[in-house]
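Look for chain A in each of the two complexes below; its partner is chain B in the first and chain C in the second.
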Partner chain A sequence: MADVTPIRTAAETALAELFPAVKGRLPGDATIAGQRAEAFKSFVDAGLPHRRIEAYKYTDLRALLRDVPPLATEPSADAVEAARQWADPFAGVDALRFTIVDGHVVAGLSDFKLLPDGVEAWPLAAALSAGPVASGLMGRVAPAKSDPVLALNAALMTDGLVVRVRKDVALDRPILVRFLAASGAPSLIVTRILLVVEDGARATLIESHEGAGVAHHANTAVEISCGDDAIVHHLRANASGQAGVDLSTLGVDVGGRCAFTSVAMVTAPSLSRHQIFVRCTGEHSTVTLGGGALLKNRQHADTTLVVDHAVPDCVSRELYKTVLDDEATGVFQGKIIVQQPAQKTDGKMMSQAVLLADGPTMNNKPELEIFADDVQCAHGATCGALDDDLLFYLRARGLPKPEAEALMLRAFVGEALELVDDEAARERLDGMVAAWLAARA
Partner chain B sequence: MLEIRNLHVQIEDKKILNGLTLTVNDGEVAAIMGPNGSGKSTLSYVIAGKEDYEVLDGEVLLDGRNLLEMDPNERAAAGVFLAFQYPLEIPGVATMSFLKAALNSQRKARGEDELSTPELMKRVRGAAERLQIPQDMLKRALNVGFSGGEKKRMEILQMALLEPKFCILDETDSGLDIDALKIVSDGVNALRGDKRSFLVITHYQRLLNYIVPDTVHVMANGRVVKSGGKELALELEANGYADYRTQAA
Partner chain C sequence: MPAVQETVEQVRAIDVDQYKYGFVTDIEVDKAPKGLNEDIVRFISAKKGDPEWMTEWRLEAYRRWLTMREPTWARVSYPPIDFQDQYYYAAPKKQAGPKSLDEIDPAILETYKKLGIPLREQEILAGVQTSRVAVDAVFDSVSVVTTFKEELKKAGVIFCSISEAIREHPELVRKYLGSVVPVTDNFYATLNSAVFTDGSFVYVPEGVRCPMELSTYFRINEKNTGQFERTLIIADKGSYVSYLEGCTAPQRDENQLHAAVVELIALDDAEIKYSTVQNWYPGDAEGRGGVYNFVTKRGDCRGRNSKISWTQVETGSAITWKYPSCILRGDNSRGEFYSIAVSNGYQQVDSGTKMIHLGRNTTSRIISKGISAGRSQNTYRGLVSAHRKAANARNFTNCDSLLIGDQCGAHTVPYIEAKTASAVFEHEATTSKISEDQLFYCMQRGLSAEEATALIVNGFVKDVLQQLPMEFAVEAQKLISISLEGSVG
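Showing the complex of A and B:
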């Protein structure tokens, strides 16, 4: 490589100094401590990813992350009380609720005691120290070494949730995890969820990321293991305000004859990157990924995903919608890998963006990497303004321009929200879109 | 009602309307006929307010108000309605929500109260029934996957619901089967009244047997080259446009 050994940026230095200073108070037994140290080393060796790293081409974290706030500490009773008052964006969704304030599970605001038979859940911090599932599975679905942001998460994760849905158990209420960034001073909040859905089981996980406009840095990892014949839905919503950084990783292992769906909705914060790694390891499964991003001002949101078909006869669908106003930047990088044994793979990926002004930038990079010969794969990307003729039609019927645009945009993003199975949750996400559009008008 | 004087319009440096003058009185049904490309749809778009067109000269007044200074939605609220020659498909927008948004936007612009959902549903269902539009079509995305004739009927349903005072029908008859032509014409005739005028653009005399016009105007090369009564349509049906093509050139 022609690259000169890079000088550490301020953010890298802060992160490098952070781990030795805090490792003593991070939860976990000796095995976990070892894994943390190893993950930290792989982060330090690589540094923050930059534009010459293909996966970060359009989201150069070395340039974009100027500083790193201190690691979040356990919230005070007052902070917890304040967070309790926050309006629940998923109010009306009949869910099992878990609350994480400033990276720490608040047991008093979590339904650990209401779990039905066959469903177990632990705060991650507890599971890391004595967990029956965690030590074996943690990092298996999403290996720390594979990505520097994930490595940071593995090194610094403070708390989160471990959920296990036993064989053939159909958990009909969604598990709703509210991540509340409540502290008034910026902090680094590192959390992880591990969801194990065993053979024949069903579960829905909803992540709601909420904040009050403080420039926190969040690093969240979600690992989901779907057994054979499992049906798993995952939703992620971030409407935490305009400030801060949100780096998230979703790693999923999909067994045979599964249906896995994940939909992410983003209107916040200032800089976000959601990376998804899905591996199909069992035949005849269907993976559906989708999302909507509504961005304004100088917001930057990146969705980077890899769907890896390792076995035959699986179907994958990706549909992403981005709406960009002002000088916002959207990034979509999607890769479908079809390994040589994965014959009869059926993959379709689409990323569509609407630009509402001259200032925004959309970077669309859908890719196929196919090593099998009998497959059906396609990808597409579109980017443009709203259709003037359609706008005229709506205006000629009496809708003022902002309302005509809002109607079209809601329908545009709504197509991705259609992928959400839970009607109440879908309505909440649609409400997020409506709120964003109303704020624009 | 509508007064157009010496209208000159171009699009992308191409001159399309060349000094068009036309008056439509209160309660009048005026038919416009003319060869393909003579500027009929252009005229309807200019009245409705499509932005691609550059008005070089002339006036368009609706009851004395200068339409050319108004946004398309303001014109709609003032009572202009255009039934499109090619109605557009609006993916993801349910027909019923669209109708509600349209009607309430217009009411709001006129300072009227919004219509409640039950009242709106009642009106829409009534209009749909009269136009023989199946109720389940109202749940589908507007015009998406509708047949050509269904789209045209949906235009008339919108017109019935919005109760405009100046209605432009741009080839609403094309794409309609014989029964639908009758249903749509009945729908239009039911809306005729002292305070409502129509500009009916068509290529076929047959429509004018159902919607009997008060006046017929021939358009060629971007102007009205002849005006007359309903018998003019019969004459055109028999002789074609040959005379007018040369005359206007």
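Showing the complex of A and C:
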């Protein structure tokens, strides 16, 4: 029986040739360079994941990625100036702002100097070259070899942010990181954020991905490690226009008695995949994950998450809402793993989708893997059109059809947005939903 | 919440070391040489008296099989199977064609008697059973006897072994064989297509309601012998048939391979009900031996308003890899899947179903209950998909699993793919969220949420299991009373 040797696609070839060409100018000391080479090798060995790889069954990157643009270079002064003028989707949110333009931190647009006591932050490129801080943390939460997209990030990351919140420090202002894709020509933007929240500390991280409709490829990784008794909120919004590719990975280690929440809101770009790997390593923690996706035209958005319960008495909740119009494709793959020692785990996962036309596709795969006998785990998945009865009720009260639909959809997605703790940020996300619905009508 | 004591005891009663059917029948057999090659395929074909087209069909499947690889996606693990270290044909030695039961080796009759399967019609009639069942008894690679043939013939129903059907009714076999499970469908189905030895064939003509239950009883007896049976059931327009399948095997230290293919075809307004009580030898308490049950079962609701219903009770086999599926092609067609899978000892179960909605207004329902105990792994893997043209498709899925002890695992891997907005799919794995309306109705009449849930879920399962005839349903009967209190998704 002959082994099948896949032919390299144009995108694979481009990526394979990219690393040797750029590795000289990537930041980091010798250790980091070694890690990059290793990660790159594991990517090249496996190639782009395709539908035969179970985790990528519904998002066949081999088929979907036609080409790969060149790696983004440091933005010119003009580009930075232009970026300064961009409207901030989170305007009005009282936050510590950091700006990354084309994969490079712009110090002039970042609040490094305004950090309160007990909070430290560095641009990732500087931290990688300066040695131990970053290299000790890098890949600890999300090992590069576990996933090809992550491996690519580990090999090619140009910049990002390292933030440490010291023990028992409550950082009350969110850390808002704006990722701006400003260059006029498509480029590959690879960034990473490391957030360390030590025991008893609190922090909120908001990622805002913005673009101007150019078909950039983004690959973002966020590693968060939560100490015991920490409270961490994470928020991700992508409204970067219809073109381009956005691959992102969130890796989280949750300590004991922690509360971790992450909510992702997607309306862009044309192909996106957000993968979340959460590991509960301390008892009595609560993990809440949620998200909303609003897709139209031929957009494709994938949410893949794995919550791994390794210790007893943890609670996890997942709630994902997908709205699909035209010929869009939504993918939800969720997996709750309950390892043998993780007795008394309470896990609930729900994925709901509304199809607004006859063209869209929704693929749901809510998975459970349970090895402990005294647990409560449930998962649900529903998929269908808007409820005719409810629609009739609203129209009978005088609402025109588009408004009635918009009202129902806003409530539908709103349920997931309620998980967002920060009121101002939640309003901004709700605004994104409203804008999407307004554009539809 | 852990499992309740009552459930724990009931599951223990059917633990692997309680296997009752592990005896061996000592009879002379006719075997093909060990291993598999084109000559063996020709040998089997000749033994079965196949016409030439059938031999070619088998050879083509064999050549295709050589290019395929074993599937590895299922959540089961076992040492690599040496496909050359097996006998692909073993038949009890017989004198030229026994005409009546009296000419069949008494040892075989004794075997079936011990298994509780009466093969003599007068015994069946004299028995206390109220319903009669026509039986096709398959012993290793051949069908030894089919009962009630005459009476079925009067109704126009054809019920015989598949090898007989290939000879007697080639037009039907050629038209339908491989039309639901293509020769190239998967590794084991292709292997089966090359070397299948026997199995049952049922044809119910237009407008006929089959006068009795039909059943096949499979027995693996020989050592190192794979059983490859093939079942083909065709329900013509407006007909109805209920078919049952039972299986057992002796206790042996080495693993035995069972790779069957079952194809069901329901034309306009026809209904097929297919029930299985699978009780192959599960291996001993240390996980030695047992049957590898790698089965492809698929039904095609080809006509309008047709219906196919799968019911399975799985307690045996060291490894189960089985996904009875429905292709809902005809408008308004309906597919059902009810399953109870109990795994004990070192058993591994990876089972579920596929409901593929292609026609308009098609509906399907999946109720699956998995119970794992000992060191077993029990996986539900199911697909529900709606094609773009499947307007108003409806699916309801409910899968519950229960773990007894902390060494076992229960897994759920559902795939739900919708390509049309008018399809409504619901998947749930909580016992507290069945149908809000039904729950509300029960609770309004004074039941607590838990009682109402138990009533709805168990009432449903009981209803299905009670339709299995008594002689097959010993285990099933016990399982009925198992409560799924403390179940997880």
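Everything below uses one rule, namely that the second predicted complex is superposed on the first by the 436 of 441 C-alpha atoms of A that agree within 3 Å, B and C clash if a C-alpha of one lies under 4 Å from a C-alpha of the other, contacts with A are read in each partner's own complex, and residues count from 1 in each chain.
Following the convention adopted for this analysis, a contact is a pair of C-beta atoms (placed from the backbone, for glycine too) under 8 Å apart; a residue touches a chain by one contact, two chains touch by 3 or more.
Nothing here was measured: the structure is a model prediction, and the numbers come from that model.
Of the two partner chains, chain B is the only one that A:E403 touches; chain C does not reach it. In the superposition on chain A, contact of A:F412 is made with chain B only, not with chain C.
In the superposition on chain A, contact of A:N363 is made with chain C only, not with chain B.
By the touch criterion defined above, A:L355 reaches chain C but does not reach chain B. Within the superposed three-chain model, A:Y393 lies in touch with chain B and out of touch with chain C [touch as defined at top]. By the document's definition of touching, neither partner reaches A:A46: not chain B, not chain C.
Here chain B and chain C are compared by how many residues of chain A each touches, and C touches more. In the superposition on chain A, A:F371 makes contact with chain C only, while chain B stays out of contact range. Shared interface residues of chain A, touching chain B in one complex and chain C in the other, do not exist. Remark: chain A residues 1-2, 54, 340, 343, 348, 353, 355-385 touch chain C in the complex. Those residues of chain B that touch chain A in the shared complex are 48-52, 71-73, 75-77, 80-82, 84, 87-88, 90-93, 98, 101-103, 105-106, 109, 141, 158, 162. Within the complex, the chain C residues that touch chain A are 1-3, 66-69, 73, 388, 401, 403-430, 432-433, 488-489. Of all residues in chain A, those touching chain B in their complex are 388-390, 392-401, 403-404, 407-408, 410-412, 414-415.
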